[in-house]
Amino acid sequence: MKETEIVLKKEVSLKSPILIEGLPGIGLVGKLAAEHLIKELKAEKFADLYSPDFPPQVVIEEDSTVRLLRGEFYYWKAETKDQSDLIFFVGDNQGLTYASQYNISGAALDFAENYKTKMIITLGGLAIGKMSKTPKVYGAVTHKQIVREFKKHGVSFERKAGQGIFGAAGLLLGLGQLRNMRGICLMGETQGNYVDPKAAKSVLEVLRQYLKLKVKLDDLDKKAVEIEEMISRFEQIQKSQQQPPVPQMPKDESSTYIR
Amino acid sequence: MKETEIVLKKEVSLKSPILIEGLPGIGLVGKLAAEHLIKELKAEKFADLYSPDFPPQVVIEEDSTVRLLRGEFYYWKAETKDQSDLIFFVGDNQGLTYASQYNISGAALDFAENYKTKMIITLGGLAIGKMSKTPKVYGAVTHKQIVREFKKHGVSFERKAGQGIFGAAGLLLGLGQLRNMRGICLMGETQGNYVDPKAAKSVLEVLRQYLKLKVKLDDLDKKAVEIEEMISRFEQIQKSQQQPPVPQMPKDESSTYIR
Amino acid sequence: MKETEIVLKKEVSLKSPILIEGLPGIGLVGKLAAEHLIKELKAEKFADLYSPDFPPQVVIEEDSTVRLLRGEFYYWKAETKDQSDLIFFVGDNQGLTYASQYNISGAALDFAENYKTKMIITLGGLAIGKMSKTPKVYGAVTHKQIVREFKKHGVSFERKAGQGIFGAAGLLLGLGQLRNMRGICLMGETQGNYVDPKAAKSVLEVLRQYLKLKVKLDDLDKKAVEIEEMISRFEQIQKSQQQPPVPQMPKDESSTYIR
Amino acid sequence: MKETEIVLKKEVSLKSPILIEGLPGIGLVGKLAAEHLIKELKAEKFADLYSPDFPPQVVIEEDSTVRLLRGEFYYWKAETKDQSDLIFFVGDNQGLTYASQYNISGAALDFAENYKTKMIITLGGLAIGKMSKTPKVYGAVTHKQIVREFKKHGVSFERKAGQGIFGAAGLLLGLGQLRNMRGICLMGETQGNYVDPKAAKSVLEVLRQYLKLKVKLDDLDKKAVEIEEMISRFEQIQKSQQQPPVPQMPKDESSTYIR
């Protein structure tokens, strides 16, 4: 395998679907949000993306079968007239090399263009160094006109200019612009070192409103409580030991080294 | 040389041979096992694999001739009706870059497909951090149905999900799946820091049974005794010196730096 | 996106324009100089250069829109008979990998050749480890005959041989030579750790004379005063704290690595 | 520039020339030896090799002109019947990436094959950690039969197997083998940390005899004396200061960082 490859698993017909990206990133905010939507909407997988720039390994599944690391595309068809068809782009990780991140985002856009995608929504976290009770959602867009549309749904655009959005959440928009695609990156405020279901929920509250979806977000509340309890336990242990904080981003699950 | 190249040295006709991989990895378990089989079966070399992603050097042989680093393919023809033809894929090392590991495994599968290979068995070690008297053999498969087949031969499938198999031992299976090939990775328990002929023997006991081969494994016992003596000598020296342990993985033989 | 791409934004007709390069480098001398000229001449952008070897991110602009990192081409048409048409090549950064710097410089030359460019002027800083009141401008050329031409405008060619010019400032000349293009690199003496508008001004004084341009350089004086005040403030703080000096090269706005 | 490129500067007709390689390596032994021969034989340059995997810079020459880093090919025509035509492959450096070393050696072999080269002699140093008064010359060959030929000229083949030859000195032979080219690597014993004209002389004594060349080696003696004086001066300084030894490999001449 020399190039990024997308393997179609099911032929589907979609009507200018909106592409929603949620690959792993800060606080896993985008990944949690996209995967929650996929689950709640019962979106169906229709393609896998493989790349020689993913880590060179397979993951062992529950049933002892292995699989390559991959990106995944799910689709969902609008159920009412005011909704849009959706394609979700999620996966195990981003490309290992810088150049491969451009390649992989380009391949995902090629794929979405087959279905006449004209709008991209990327989901991510914005590290602010502290926990917030009700995380704000910040936006950055491909075209000025989109700002107003999302301000209505409570998205803030006050971040100062000059900042960057790294990885697929940024590149899908930047590369999409060159193809005349419109898009927005929705970033939920998050501490930065912890998985953050609360920030994912904030992002989904915006998205649910904008996409006119009827999905519950309760599961994310439960996850948030669990994470918070875990964090506070760690902090107590740290205080009692006066040691440097334990890093809490979950380790790659596939960390045992076999070859 | 810009791409991985396979140079055929002999035309052979094989009947859907099983591909058996044993490149260097943890404890050199896979390498020891595959090379032992090649020697005992008197398998014959029929192709070499070269890659610009192997270290940029040649190795000096006993007779003062040099050769590039390489992968090697050996074949063996079934002698009885219940055996299968075999292709062995062994070599000096894995690709130096992550992407090249995908490329090299892909090239090896291309090669095996020429002979209508439908089954792949990769051999490796599973580091458990301690020596075990009778190393267990763990399995991970491309298709659920294969589990039962190998449980009969004593392979354990109890490892918890989410772990990874790195390098060719994993990628041959993962990339093979995309080509509708079936396969299993057999991993012998091993301490992790030492060359481990005993773990290689455990793996071969399974393989010998499954492939219905009549091969002796005594040589591996002898090697195991030698390694164990060496380790216990090192440990005594360490204790007497109270110094950090000497790393014991054998150094690349070609470590003198000439150019 | 797999390759460096140049996206033309406007068709223009130019008469053997001189290519002037000012990508980020030591003291940002070349960048400051080229961007000052673009502003003063009201040169117009007519193309963007994108590359998978730029950092994998987008930058957020003032109006909340995002854009990929990029190189930019501006053009300016001669207003009098003794002037030349100009193409400016500026941008956010140089390529992240060594090989990509060759590729990007090659792509820029391909682009300039479309307009029959025969002369290249690259702008940069020469780190000398100390501030100088009136920075000298050193030159290095593609063809011996060019030396005399620029000595008239005060350029020094006394640097001893064997030194190197890194990045686009060097490669555009070296690769240009292979295409029979002529060129010079103008290097303003600079301390090396600070942004240096004064060195940019020295370079522009040469360039203004050579190109017979009527542009003011006062803005660079103002910037120089600001930077000097900032430096002296930092130095006072350092002395009072007896701590190691604060690194003063301004960070890339998009927090990436500038070179 | 995306690929290694060879630019022919002069059409020449050669009769199965022997390719002699002397790129920078341990003790600069190969480079000193090849460049000495080029000078003494008045060999003429007929091609340059450029690569995006050389450092991204130009070097400033004595006359203030710049040039890309490069490999160089020189040719020399036999003057008597018992001599052979020669092609020399020398240059500024080896490829920066491992893969590029394969690519560059492959490109050099492609070039030599145009002239029907059937024999390759690569020159290098063998680091032994100490100075020797009369450095031995070791050999490693592509074909067993070549051993005898060179033993006659005093080359030793006693080095133990398993060692490696890195870079072009090894790869030209290894890749040449795949093209049915014959070859030898001649390695002069050297301390390893110093430029070593004496080792270069030992290598040339073998080569001069084998190639039946009438060249003087006195210049190398002079250089050796200079280096030795320099070393002994450094050692005295070190002793008096009781500090760690100063590294003495000459720095890349183009070490000033300009761009």
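Each chain gets a letter, A, B, C and D, in the order it is written, and its residues are counted from 1.
The criterion applied here is as follows: contacts are C-beta pairs under 8 Å (C-beta built on N, C-alpha and C of every residue); 3 or more make two chains touch, one makes a residue touch a chain.
Quick caveat: nothing in here was measured; it's all calculated off a predicted structure.
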Inter-copy rotation, chain A to chain C, in degrees (Cα atoms; steps of 5): 90
Per Cα centroids, the chain farthest from chain D: A
Interface sides of chain C and chain D: same vs different residues, half threshold: different
Mean-CA-position distance for chain D and chain C (Å): 37
Inter-centroid spacing, chain D versus chain A (mean Cα positions, whole Å): 53
In chain A, residues with contacts to at least two other chains: none
Overall pattern in which the protein chains touch one another (line/ring/star/complete/other): ring
Set of all touching chain pairs, with the criterion as stated earlier: A-B, A-C, B-D, C-D
Partner chain C, residues of chain A touching it in the complex: 95, 98-99, 101-103, 105-106, 139-144, 147, 157, 159, 161-167, 170-171, 173-175, 177-178, 185
Chain C to chain A touching residues, read off their complex: 1-2, 7, 50, 52-53, 55-68, 96-97, 100, 253-256
